[in-house]
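Two complexes, one shared chain (chain A), two partners (chain B, chain C).
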Partner chain A sequence: MPIVEKSLVTVDRSDRLEMEGIDVSGDWNTFLRSRVQTDLDVRILDWVRSQPQGDTISRCWQCGTCTAGCCLHTDYGLNEFNPRYFIYLAQVGYEEELRKYATTIWRCVSCNKCVERCPKGVKVEEVIHTIGSYLEFTGGAPESPADRFDRAYTENLLRRGVLDEASLFRTYERLEGRTMPAGEMLKMGFQLLRSGRLRTGPLAHRTRGWRQFGNVLREKLKEDERRRRASLSAAGGRGGHSP
Partner chain B sequence: MSAGVSRGPTDSVPAYYPGCSLDGLGKAYEVTAQQVLRRLGLSLDRIVDYNCCGATEVKNLSQDVSVALPARNLALARSMGRHQVVAACNGCVYSLARANDAVREPATRGRINATLEEGGAPTYDGEASVQHVLEFIHTRAGPERVRAAVRRPLTGLTVAPYYGCLYTRPKRYTGAGRTPGADDPEHPHFLDELLEACGAKVLTDFSAKTICCGGGHALSDLDVAVAFSASILNEARRAGADLVATICPLGQINIENHLDRIRAAYGEEVLRPVVYFTQLMSLAFGASVAEARLRDNFSRPDLFLRSRGFA
Partner chain C sequence: MNPILVLGAGPAGLSAAAEIAELGAPTILVEREAYLGGNPKRWHYSLLAPDLRPSDEILGPLIAKVEGNPRVELHRSTTVTKAERLPKGFRVTLKTGDALETQEVSAVVLATGFDHFDSRRKFEYGYGRYPDVLDFKELEGMIHDDRVLRPSDGKPPRRIAWILCVGSRDLQVGNPWCCRMGCAVSIKQAVEIRQKHPEIDAYVYYMDIRTYGLWEDLYWKSMQEYGVKFIRGRIGQVTIAEGGSQLLATGEDTILRRPTEVPFDMIVLASGMEPGTGTQEAAALFGVPVGPEGFLTPNLSDMNPVDSGLPGVFLAGAATGPKAIPDSVTEGMGAALRAYQYARN
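What follows is the complex of A and B.
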């Protein structure tokens, strides 16, 4: 069974599938006109591969095991979330197509089933997140809710070394423009406080010797972000149309 | 590709990494885990000035920070003279094991150690293996000793064992399935065996055993988080479970945090009490419902268990 995109199989064939004015829909009685794709940019692959989280991308041989088990693709039924395809697009450098998934790719929940099952040792989940970072850094995708959460989470833990869950919740909800009804908040707060589970503000956990370590990590974080963005602009930034 | 994760020397008393959850929202897990370990004659030595492991979030921003965070904890365990670290949270097990995988590369280890040194932390030699507390209880005590410790069998309770995603995944990091003392990555069974030893009827074929609860995006992608939590409860209901037993604080909190939304979408009859497995074990070992901190859970297992005659 060849690997086919479900969306292509079920597409309404009354619409011609055209690319650059050439009919490539390949119905039974039509000839497929060959077409040379010129807008591929290998720099996507180079960048993803240069990142420690993305360095296994070139091992992928497109078997689709990751996608067959993917909980978003299969269980949640989000068919357009297709890690195999995302990797393919990054490998061939088809940025224009990849950008169509800008608001989908961030939804990976990091369950790691794909990494577990990949017969080639691709760290699929980390590769997908790296492709997501590429899109974000090159302006191909807006900052996603998950990006905002990752940043809020990291900033929160770097403050004291240990997460302040209540403060993270408040900060993140504010970022998304949501507010929990005061009554609900109080009820939950009381329940947590009563059982000694609310470690926020003055009750927050403290890690001895954290200040120094936290400062070093904060610097590292900034440096890493700078380096990642710089390596993109050094590579020519958003690919576009290389010969 | 690495060929399994070697378990170095074992400690009679391994280091214990609590992580943020067990010191915060997962207090009931921490307290009952300690009760269970004590009753089984096992002990763990707490890493005092631990820090957050970075879970699955930090790695999306910086590889080095995401390795340095868990490496600091592993280094603290090594400076306590330990070769083994036990953690109770799936996310912690994942990121600690991931750090071990990363520092196996000499260049990375050098960089991480420079960071640790600069931050005033001990350096890390890469020699601390990581185990989930469930694996620790199963390998060190096992079903036999658990059975012997039971004072009040959980007879009549049907339990759906929920392991969640990162308990054994991915094997590249955790060594699952090919390392002594590690559970199977596709068909984990340690929890089934321990709860069976406590006298409960365990749904060993529970199909949602290792699905993701959506907890990674508990706040950032509500649709997915609610759908996945609901599917765990739906599946538990279909299989005839009275309770769902969890081994991960994020899973526990994620499901319980979405109870109202699940009720609104699927109806009251889908809801099931959700408990940490150590709460059930503690109950079986003779603790009262209050001592097992079953009132902590938003899904109110205390009410349900009292109705079944557990005081």
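What follows is the complex of A and C.
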């Protein structure tokens, strides 16, 4: 369906033109200015290159072999999933454009056909994920339901070292801002309890020695986070080049 | 046997003269400039693509073979002003300063080489008007002396762009051919700069990258090891960026399909190769046919690239078209052999 901004159209013609039921008569009196790329930002490329999984990014010469074989792009017709393009946007540092794909990028199913076929030895799948990580770490992508679920899942797991499905369910429902009708919840809970697939409250599983192990794990996660921030701020410190 | 005349003391001419002398024949080597070594010496080429060996390491031994060689008569700062055909060979007039000298020679090797395209003719790029727009032959000298600084304010640049195919593959300046060297030399310069100054970002604007044959390795390394960046598109114009201190390169990123106007501290033009003045003069003097591009045309460019087809006139190096130093050296050797065979019989 065409988008018609009436203020951009002068209606001084008598011919009536209709497209898909919308009146588009008149002459367009303006051009939309094309978006101009005005700077090359090296930060994304520098950071991706500095990561062990991302260092092959700079080999890419944009031949498109990866995209041609990508099952998401071709078989599933997800045209916007274009690994070659993601790499180019990262190479020239076009962050604004790249951010549009911050969630799409994670739809890669890691079939690795691209890696097998790349004539320059770019580890496309790893590079794409590294670019995705950059976007995520720099806080660009709006949090998706999947992201919220991941967060709830990790927190739940860290508590006892084993999932508590009932509380995970409650937390996630709360994060999504919705509640299941009590009747349905009871019905589902009862079925799950009876089949032994749900153990909660006094029946919940426990991991032996979790207190100690969990502390180590939490420490490790914190450490990872610290390292990630340090590498990002190192890349950011190099800065752009605006005059 | 009358001596064999070699015209031009660049890589091809030096190689030809050295080999003729090696075969045992007397040689006259005539060079227009006061020094030997041709364009590589004239512009102080730094490291040579693709192996990044210093140019002196390659030219030095060639020059040494010729200088002080008892069979080679050297004429620097000399031109040939007249050539008369004899039953065998030519009677040539050599002019050094105001002094004229006549010599009879049994054969001629024309190794008169190329000139770099004068980038001022590609006026859109502002070469000659904006001090920070350089020709890549000037950057060679800067890299050689390790003084890569902006000519305008003497400050080190943070970001440099190379524009390929300046005066090559361009009907507007009448040069539709490829210079063969521009890609490799520009990439080599970017690598050299990134080696010494990793804080400088290097961008190459290209239409195709023609690092042919084994030179491809240089291109690959420049990306993987030195992080040289390549943007597809031909820059349309260079202007002064807002604020006045930087240059603004306007073009289209043909992969993004988007116009780009990016500021750079320095812009380097990969100027192409044109038939040298000496080559044009030699063509007229010895009656060698020239192609539409102005380069000398070998009789059978595939079977016998060093024969002009005229008796006793042989060709070597960039006089017959853009050529790398190793190819020029090889052709010098081939022309030496052919000239010797002709002169001996």
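Convention: the second predicted complex is superposed on the first by the 124 of 243 C-alpha atoms of A that agree within 3 Å, B and C clash if a C-alpha of one lies under 4 Å from a C-alpha of the other, contacts with A are read in each partner's own complex, and residues count from 1 in each chain.
Note that in this section contacts are C-beta pairs under 8 Å (C-beta built on N, C-alpha and C of every residue); 3 or more make two chains touch, one makes a residue touch a chain.
If you're wondering where the values come from, they're calculated on a predicted model, not measured in any experiment.
Chemist: I'd like to know which partner A:H205 touches here: chain B for first, chain C for second, both or neither.
Modeler: So A:H205 only meets chain B here.
Chemist: Please indicate which partner A:Q91 is in contact with in the superposed arrangement: first for chain B, second for chain C, both, or neither.
Modeler: Only chain C; A:Q91 stays clear of chain B.
Chemist: Based on the superposed arrangement, let me know which partner A:L221 touches: chain B (first), chain C (second), both, or neither?
Modeler: first
Chemist: On the A-aligned overlay, A:L157 touches which partner chain: chain B = first, chain C = second, or both, or neither?
Modeler: The answer is first: A:L157 touches chain B but not chain C.
Chemist: Please indicate which partner A:M185 is in contact with in the superposed arrangement: first for chain B, second for chain C, both, or neither.
Modeler: neither
Chemist: Residues of chain A touched: more by chain B or chain C?
Modeler: Touched residues of chain A are more numerous for B.
Chemist: Which parts of chain A are in contact with chain B and also with chain C?
Modeler: none
Chemist: Tell me, which parts of chain B touch chain A in their complex?
Modeler: Chain B residues touching chain A: 1, 20, 23-28, 48-52, 54-65, 68-69, 72, 94, 102, 108, 115, 118-121, 165-166, 168-172, 185-186, 210-212, 214-217, 219-221, 224, 227-228, 231, 293, 295-296, 298.
Chemist: Within the complex, which stretch of chain A touches chain C?
Modeler: 34-40, 42, 45, 49, 56, 58-62, 88-89, 91-92, 94, 97, 120, 241-243
Chemist: What residues of chain C sit close enough to touch chain A in their complex?
Modeler: Against chain A, the touching part of chain C is residues 158-159, 201, 203, 209, 220, 223-224, 227, 229-232, 241-243, 245-246, 253, 255-256, 258-263.
Chemist: For chain A, which residues count as touching chain B in their complex?
Modeler: 51-53, 71-72, 75-76, 107, 109-113, 115-116, 121, 123, 126, 129, 132-133, 144-151, 153-154, 157, 161-163, 165, 169, 172-173, 176, 191-192, 195-199, 205, 207-210, 212-217, 220-221, 224-225
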